Structures are given as structure tokens and as C-alpha cells.
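Given below, in the form of C-alpha cells, are the structures.
Same chain, two partners: chain A is paired with chain B first, then with chain C.
Take a look at the complex of A and B:
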């Protein structure tokens, strides 16, 4: 109401500009709302309970990686190795949970906590390498994470060649692991809500606390907003950058750990282009490439809206290849809106 | 409320965008072009809807592909034939772990079905 009164008090030229700014700054949400409405009219079952639960499940599966990438973007960086890190974690988790193990012949199914710990350690180490190169040598995040992306992909291909596997898809994971991830948490009608939704909620809550209630979280926003000012204020910039990338690596590892059991088959393409979805979700949700701006709720909204669009286009039987063009354009428009918001504020 | 924003003036960005200088007006044009392109792609997608289902008969007689919408059942398929083999089933993976029931299963994405055979005695 206050904004409406302010709008009324403006002279016609300013009012026109304010309305224009409002429309432009929220253009992405308007497009998505129109698209959802259109899909719903064409295919009413798109917003059925089963479909909504499916969208929520997909959102939960993709949320940890988006939160990881979100942290990197808040640092005014990015991480294009995220998807491959998810793939490596999925391969390792699957490799330790195979009932008939061709990768490590004779190796029995390992305890779930051990598999989880293994992927978390690997994720943290990759994050450490990424963060260290950026913090210590000031190498651009794009170059560092492009390198790790390729290196990690090489590791995935080599890992899948282990033993007698010969690069084949990994499937046939232990029932305990699959139940731990994809077992039924509860049902809504016939629609199943799997266990990983609960894990995703817990992870999101932990990330929210880290971002908002800890000194490390505040330092992350300070470094992203103005690195030099943060340094002068006594923030350990190097440590903050390294920790953010380590946290991101752990979140990608958890995404991979969930994905291996969720999809129940892992190969060299697992995790491919996940970073593009995560980056798009973050930018849509208002996590800014300008640095120092972003909320956990923004990442949730971004992931949710993207999944709604993708599931909706799937309902309309739109060619899956076109989704890449759609994603690219969404990132482009979202970044333009992000830049615009910054410039208008400036 | 007096606005002091000049949308035509080029201003410097920061963060991951680097120190690029761009005006709000140019960004507005880019946003509009992006949105138009997005709707054009979606319109193209709507005019070319449908998922192609192809059949790999694994050495058997050829089976024609089908174009189906999300949620459709496949049209009945004449089982392929192969000399010295008996047709068993269609599956949507190369290992035959996920048999495809032509009458019951519905298409939800582009699909490739593989024929599985048993050698005749």
C-alpha cells in the first residue's frame, strides 16, 4: 500500500519510469507465471497432486547443488565444475554400494555412512583446490573451475574403467542405500514423497543458518560485496573463499550421493550440465553475480520455478533438446535483469 | 519523488560481470530481445510437439518409429522376426532390465526400445 501511495504521489514521467522498472525487474517472474498459466490451461493435469509432488521431489534433489553454486555466486564467482563433481560423487557412492561390484571385484556393500563420508571428503578436497587457487593466486573462478571440471571428468571416466567394469553404467545398488534415499517418507494419495526430500530440507536449514547466523556467513557476504573493504575490516578473505568452495564441494557431493540412488544408474553423463540449471536457478532467485547479494529462499524459489517450467514443457511434449536453448535464454535474460537491478540502485 | 536515474547513462558494473560499462536502456533492449527469443523458441517447440519412439530390433526386422505425446500409449507393434531366434520382449535399456509393456506403459520422454531374443533350440 505504501508503494502504491508513493506511486500515486509521483509526477507522470516518474510514475511511468517506476512502473517500467517494476516490470523489467520482475520480467523473469512474469514470463514464468505466464508460461505456467499457459501450460496449466493446455494440460490441467500439470498441476495435479501427483505432478506437484513430482515437482517438489525434483526441486529437493536439485536444491543442494544450487545452494553450493549460490555461495560461489555470492562471492562474485561461479563454479562450472559443479555438475561433474556431482557425477564423481555419484560414481563413488554407487561404486561402494554395488551388490555385484565390477569396479572393485570382491568388495562387499559398504556401510552407508562410510559411502557418504567418502563422497563428502572427495567433494571437500575438490572445493579446497578450487578455493585455494582462487584465494591464493587470484585466478578467475571461470578458469579454475573449468580446469577442475575437465580434471574431474577425467577421473570419472577412469573410475568407470576400474576392475572389469569397462566404462559401463553402474546399476544394481544395495537395497539399503536405495531405501535410505528413495524410500517412502510419506504418501499424498498415490504420490510418494521420498526420504531425500527430508534430507534436502535439513541441508537447506543448515545452509540457511550458516549463511545468516554465523560469522563465516557474514564474512561470505562481506567478501562478495567488497573484498578490499572486507579485508580492511579484518575478515580473513582467503579462508572465507576456501571455506565457501569447500562447502559447495560438500553440497555437490551430497547431491551426487542422492542422485546415484534416486536415478539408480550412474554413468559418465551423470551430473552433466547440472551447473547450468543451478546457476540459472540462483540468478532467477535473485542471487546476484554482482556479489554479496542473495538469500537461501531465492535459491529455493529459483530451483522450484525452473523445475515447474521443465516439468510443464515435458507435459506439453516439447522436444527435450529445446530445453537447452530455453535454459540459455533464461540465464541470459536473468543476468540482464540482475545487472539492471544493480545499475538502477547505483 | 524526483528520480535522478538517467537510464541512458552508461554505468560500471562489478563482481563477476567485471568492470563492463552498460546503460539501463541497453539492458532493457537486451531483456526484451531475450524474452521475444524465449517465446519464439517455446512457440517453435509447441508447433513441433511430440516424442519420437524408435525401435532397435537387434538384428530383427525393422519396426517403424512412432511419434507420441506425453502420457500416450504406443500403437500396437507387430513383433519383429529374426532367423533362428524367438522374440521375447521390448526393453527401454540395452541390458533388458526394464521391459516395456506396449499396452500399459506410457511415453513421458523420447524413447528407444530394444528387442530381446532367445535363440531357438
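Take a look at the complex of A and C:
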């Protein structure tokens, strides 16, 4: 209401500009709203209960990786190794949960906590390497994660060659693991809400607390906003950068751990291009490449809207190849709109 | 001296409205050819907004601008430059990884056919520098040069456009006394050539020296224009603040006690700081004077541990302090206000609250590592009130505040760490008179509470007015120590030149 009064008080030229700014700053949401409306009119079942629950489930599955990437973007960095890290975690989790294990012949199904711990440790170590190179040698995050992305992919390919597997897709994971992840949490009509939605909610809550209620979280925003000032203000900048990337690595690992059971089949392409979706989601949700800006709620909204679009385009039977073009355009347009917000107006 | 007394630039009845604020309210200023016209006012008085309207950075809502009698309406600063109106900005915007001449001729490189000509560029730069008496290598990379030299390049660039009107926005804020003299020679030369100069500054003494006319603004309004000769410093201050401010400095009431901080053999690993030793007492304000790049800043930053030391011991109340990084120094009771607020002080996109509490987060730990919000809000409010910071709310982005208010937030940040020793590097840079007085008062209050304050400043009167003793740095060495009550500016300048 206060905004409205301000608008009324302005002279016509300023009002026109203010309204224009308002539209531009929210352009992404407006475009998405129009898209949803259009798809809904074309295919009404798009907004049926089953479809909505499906979108929610997909959102829950993609949220941890988006939160991980979000932290890196808040540091004014990025992480393009995210997708491959998800893939490696999925391979390891699957490898420890196969009923007939060709990777490690004779290895029985391992306890679920052990598998989870294993992927978390691997994720944390990769995050440590990423963070260390950035903090210690000041290498640009793009270069660091470009390199680790290749290295991790190499590990995935080698891992899949273990034993007598010969690079084949891993499937046939233990009942217990699949139930733990994809078992029914509750049902809405005939639509199932799986267990991993609960885990995703817990993880999101934990990340929210870390970002907003701990010194580490405050330091992360400070380093992203002005690294030099943070250094003067008593923030341990190196430690902060390393911890952010380690946290990201752990979140990717959890995403992979969920995905292996959710999709129930893992191969070398698992996790491919996940980082693109995650980065797009963050940018749509207002986690800015300017650094120091972003909220957990933004990441949630970003992932949700992106999934709505993807599911919607499926409903329209859009060519899968076209989907890539749409994704690319979304990232590009979202970034353009976002940068416009933080431009110093001259 | 002035060869043409006619009005060169006339800004008439300029009005600019931002949502909720009238930033300029019918301001009229006339600048005559061959004169220096000073524009004065507190931060937020509308000086910068007026200049931005002149250069078309802002679109003015009302009024007219006449250049040599013809109405003009510049669309952007390039348009203004091409019509002979140039500006030397307070905050330098330069391509730091490129060399001097690339910066000078950016956007208008001299060419040989389709190719840029290094030689023409070099010759033109040298000619200009010779003309202005600037001794800067045109091929030096910007980032390797001290701020003051970069400032000179910026001035040369403005001159190179054959400008008729040149605006200087706080040109001396990063210059030393010697360089200020040089700048004044350049300005006088431009004046003799018949240029109209608009000079924006907070420094009274130099305004009195350099300007012919003074216009004073307050709260977006024109207050007065007088010949500089008719105005006393007290008049200017009174007109600027709209209230009596009889003294520039608060009375000194602090009483230095026993020796508290000892610094011995302080030498820098990657700078020329050489074997600096001194002591400071409890409740003492110790000044650090010297030319630019004399090592003043390095002394503070080395003590605070954000510059690598080659040697040096720091002892506080008999207890050795390692101060290997800022975190450790804060724990040991040190606080450091850095020189470049925008580069190393503020977290621009974050809120006042976050900017305030960032160095004292451990105070707010409630459950294990979890921080409580209530105490953060209380602390922030306490220092907004104590420092009289003008801000719409605690959640405002700090970058939207004026320089003086940003400085107050950062001082609040440091006071929250409950420091025993405050290292203040140019604490009043780019801040208006009223806010300066408040900061002086605060420094003296802190000393009265028994804290030790080390303060670097390029403004000699400030050091003389606030400090008890002054250390003079020269060429990375400690050149001498003087008593602030009995010394003179001449004595300090002599010491400052000792190893320079």
C-alpha cells in the first residue's frame, strides 16, 4: 500500500519508470506465470493433484544441489562440478547397495548409514579440494570447478569399470535402500509422496539455520559481498570459502544418494548437467552472481518454478531437444534481469 | 588575473525530486570564466546531485542550464565532455590493469588509419604532462601507482578535453600537502587560461585559498553565494550547518595515563616499513602524520596483522600480542578502521544490521553455534542511536547511505568488539563538517574511557586539534615525534620530508 501511495505521489515520467522497473525486476516471475497459465489452458490436467504432487517431489529431489550451488554463488563464485559430484555420489551409493554386486564381487549390501557416510565424506573431500584451490591460490571458481568436474567424471568412469561391471549401468539396489528413499511418506489420493521429500525438507531447514543463524552463514554473505572488508573485520576468509564448498559437496552427495534410489538405475550420465538446472534455479530465485545476496526461500522458489516449466513443457509434448534451448534461455534471461537490478544507475 | 569576467556556466532554478525527497530545490549557481567557484555543503546537501544534473547523469525535473549563454541539456557525461564540460571525480574510475596513456585516451585513441598509434598517444600524453608539470610515466600501469598519482592522471585527462568548465569533486581527499600545492598550481593555470572551475571540497582552508566565489548549499537549497574574501571560516560553517558550530574541534579533556601499547622493531615483509618503534599510553590519542606512501597506513595494518611483518613485537599492557590476522587482533583488543571505506570497509549489498554485527558475532551465540536475533537488533540500534546514524531502517543496504553515515556504521561495528586500542586510518575522509565533529568527539570520549587511539590523517589541523602526540613517518621510517600542543605544521612537514 505504501508503494502505491509513493507511486501516486510521483510525476508521470517517474511513475512510468518506477512501474517499468517493477515489471522488469519481476519479469522472470511474470514470464513464468504466463507460461503456467498458458500450459494450464492448453492441458488442464497439468494442474491436477497428481501432477502437482509430482512437481513437488521433483522439487524436493533437486533442492539440495540447488542449495549447495547457491552457497557458491553467494560467495560470488559458481560450481560447475556439482552435476558430476552428484553422479559420483550416486555411483558410490548404488555400488554399496547392489543386491548382485559386479563392482565388488561378493560384497554384501552395506548398511544404509554407512553408504550415506561414504558419499558425504567423498563429497566433503571434493568440496575441500575446490575450496582450498580457491581460498589458497585465488584461482577463479570457474576454472577450479571446471577442472574438478573433469577429474570427478574420470573417477566415475573408472569406478564403473571396477570388478566385472565393465562400465554398465548399475541397477538392482537393495529393497531397504529403495524403501528408505522412495518409500511412501503419505498419499494424497492416489499420488504418492515419497520419503525423500521429508529428508529434503529437513536438509533445507538445516541449510536455512546455517545461512541465517550461525556466524559461518553471516561470514559467507560477508565474504561474498566484500572479501577484503571481511578480511579486515576478523572473518577467516579462507576457512569460510573452504567450508562453503565442503557444505556444497555434502549437499551434492546427498542429492546423489537420493537420486540413485529414486531413479533406481545409475550410469556415467547420472547427474549430467544438473548444475545447469541448479544455477538456473538459484538465479531465478534471486541468488545473485553479484555476490553476497540470496535466500533459502529464493532457492526453493527457483527450483519449484523451474520444475513447473519442465513438467509443463512435457505436458505440451515439447521436443526433448528443445528443452535444452529453453533451459539455456532461462539462465540467460534470468541473469540479465538480475544484473540489471544491481547495476549502479548512472 | 581573470581575463574574462562573463558568466560561462549558469545553472538556473534546478530542481530534482527523488521519491520522497526533494534533492534539489530551485538551485541557481553562476560560474564566471576565469574564476574558481567553490561549492560547499554537508554530505547530502545536494552538491553531487547538482553536478549529476549538469552532466546528465540525472535527468533534472526543472530548471535550465546555460553554457556561454546557450541552453544545453547534456544526455550523458560524454556529451558534456564533447561540449567542454569535464569532471574530476572523487572516486576514481580507472582501468587499473591498463597503463596511464591507455586510460588518458580511452574512447578516443589517436589513430594511424584503422590502428591505434602508441607513439601519438605517448607524445600527446607527455606534452600534456609537461604542460601541467606532472611527472608520471605514461607507460606505468595504473594499479602500481599510488592513489595521488592516479588522481593527477584523472586531472590531466579532464584538462586534455580542452574543457571550458572543469568540476573538481573533492580532489584533495587522497593528496598530500605537496601534491595539493601542485594541484593548486594547475588550477590557477587553468583559471588564468579562462576556464571556469567548480571546486567541491569539505576542507575550509583550501577553499579559502583557492576560490574566488563560494556557494553554500544546505538540504538541497541554495543558501548563499559570496566572494571568498568576504567569508570567514566560521561564517561558512554557520551557513553550511545552519547552526552555530563555534569550534572545529571539541575541547580536549582526555588525560593520558600509563604506557599501554608498545610496538618494537616493526618492519614490513612486502613493504618498506623499517624498524618502527613507539609507545602509546592509556587514554592517549596518538597521531600518525606523513606524506602519502610514507608508511602510515602500513604501521596500522601491520599492527592489526593484515599486512605481513618481517619483524616486530607488539605488547599490550605487558602482554605480547601475536596479531597474526585480524581475528586474533580483535581478540587481543584491537580494532581497525581502514582508509578505503568502499574497498575494505563496507559490505555494500548487506544491511546496516549485518554490517554492524559482523565483527562481534560471538557475542550473539545463544544455543551452541546458533546466533540470537534479538541481541543483534539491540546492538545495532544502540550504535545507530549513539552515532546518530541517519538510516531508514536496520535492514537498509549500507551502500545506499551517505559516506558519513557508512563510516558511523563501521565505527559502531568496531566499538561492539569492545576494543582497547583503536587504529583509525583517515577516520574523517570524505565526511562533512558536522559528522567530523561528532567523530572527533567520539575519539576523545574513547580516550577519556582509557582507550588508546592511533590515528592516521592527511589533514594536519585535524591531527593538531585532536591528538596528544604525533608520530611523523617518512619513507617507511619513523622520522620523529612531536607534542601536538606545541608543534607547528612546519615542524611536521620538515620531519615528513626527512627520508622521503
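Just so we're on the same page, the second predicted complex is superposed on the first by the 343 of 346 C-alpha atoms of A that agree within 3 Å, B and C clash if a C-alpha of one lies under 4 Å from a C-alpha of the other, contacts with A are read in each partner's own complex, and residues count from 1 in each chain.
Everything below uses one rule, namely that a residue touches a chain if its C-beta (ideal position, glycine included) is under 8 Å from a C-beta of that chain, and two chains touch if they have at least 3 such contacts.
What you see is a predicted model; the values in this text were computed from it and never measured.
In the superposed model, A:230 makes contact with chain C only, not with chain B. Touch criterion not met for A:199: it reaches neither chain B nor chain C. In the superposition on chain A, A:153 contacts neither chain B nor chain C.
When the shared chain is aligned, no partner comes close enough to touch A:177: not chain B, not chain C. When the two structures are aligned on the shared chain, A:290 is found in touch with chain B and with chain C. Of the two partner chains placed by the overlay, only chain C lies in contact with A:221; chain B stays clear of it. Touched residues of chain A, counted separately for chain B and chain C, are more numerous for B. Contacts of A:14 after superposition: both chain B and chain C are touched.
Contacts of A:213 after superposition: chain C is touched, whereas chain B is not reached. Chain A residues in contact with chain B (one complex) as well as with chain C (other complex) are 6, 9-10, 14, 18, 290-292, 342, 346. Chain B meets chain A in the complex at residues 1-3, 5, 7, 11, 13-17, 22-24, 27-28, 30-31, 34-35, 37-39, 41-42, 44-46, 48-51, 68-70, 95, 97, 108-110. Chain A contributes residues 6, 9-10, 14, 17-18, 20, 24, 27, 31, 35, 43, 73, 76-78, 141, 171, 224, 288-292, 313-320, 322, 325-326, 329-330, 332-333, 335-337, 339-340, 342-344, 346 to its touches with chain B in the complex. Against chain A, in their complex, chain C makes its touches with residues 17, 19-20, 57, 61, 304, 306, 325-327, 329-330, 336, 338, 343-350, 354, 357-359, 361-362, 365, 369-371, 373, 413, 417. Interface residues of chain A facing chain C in the complex, by the touch rule stated above, are 6, 9-11, 14, 18, 209, 213-216, 218-219, 221-222, 225-226, 228-236, 290-293, 342, 346.
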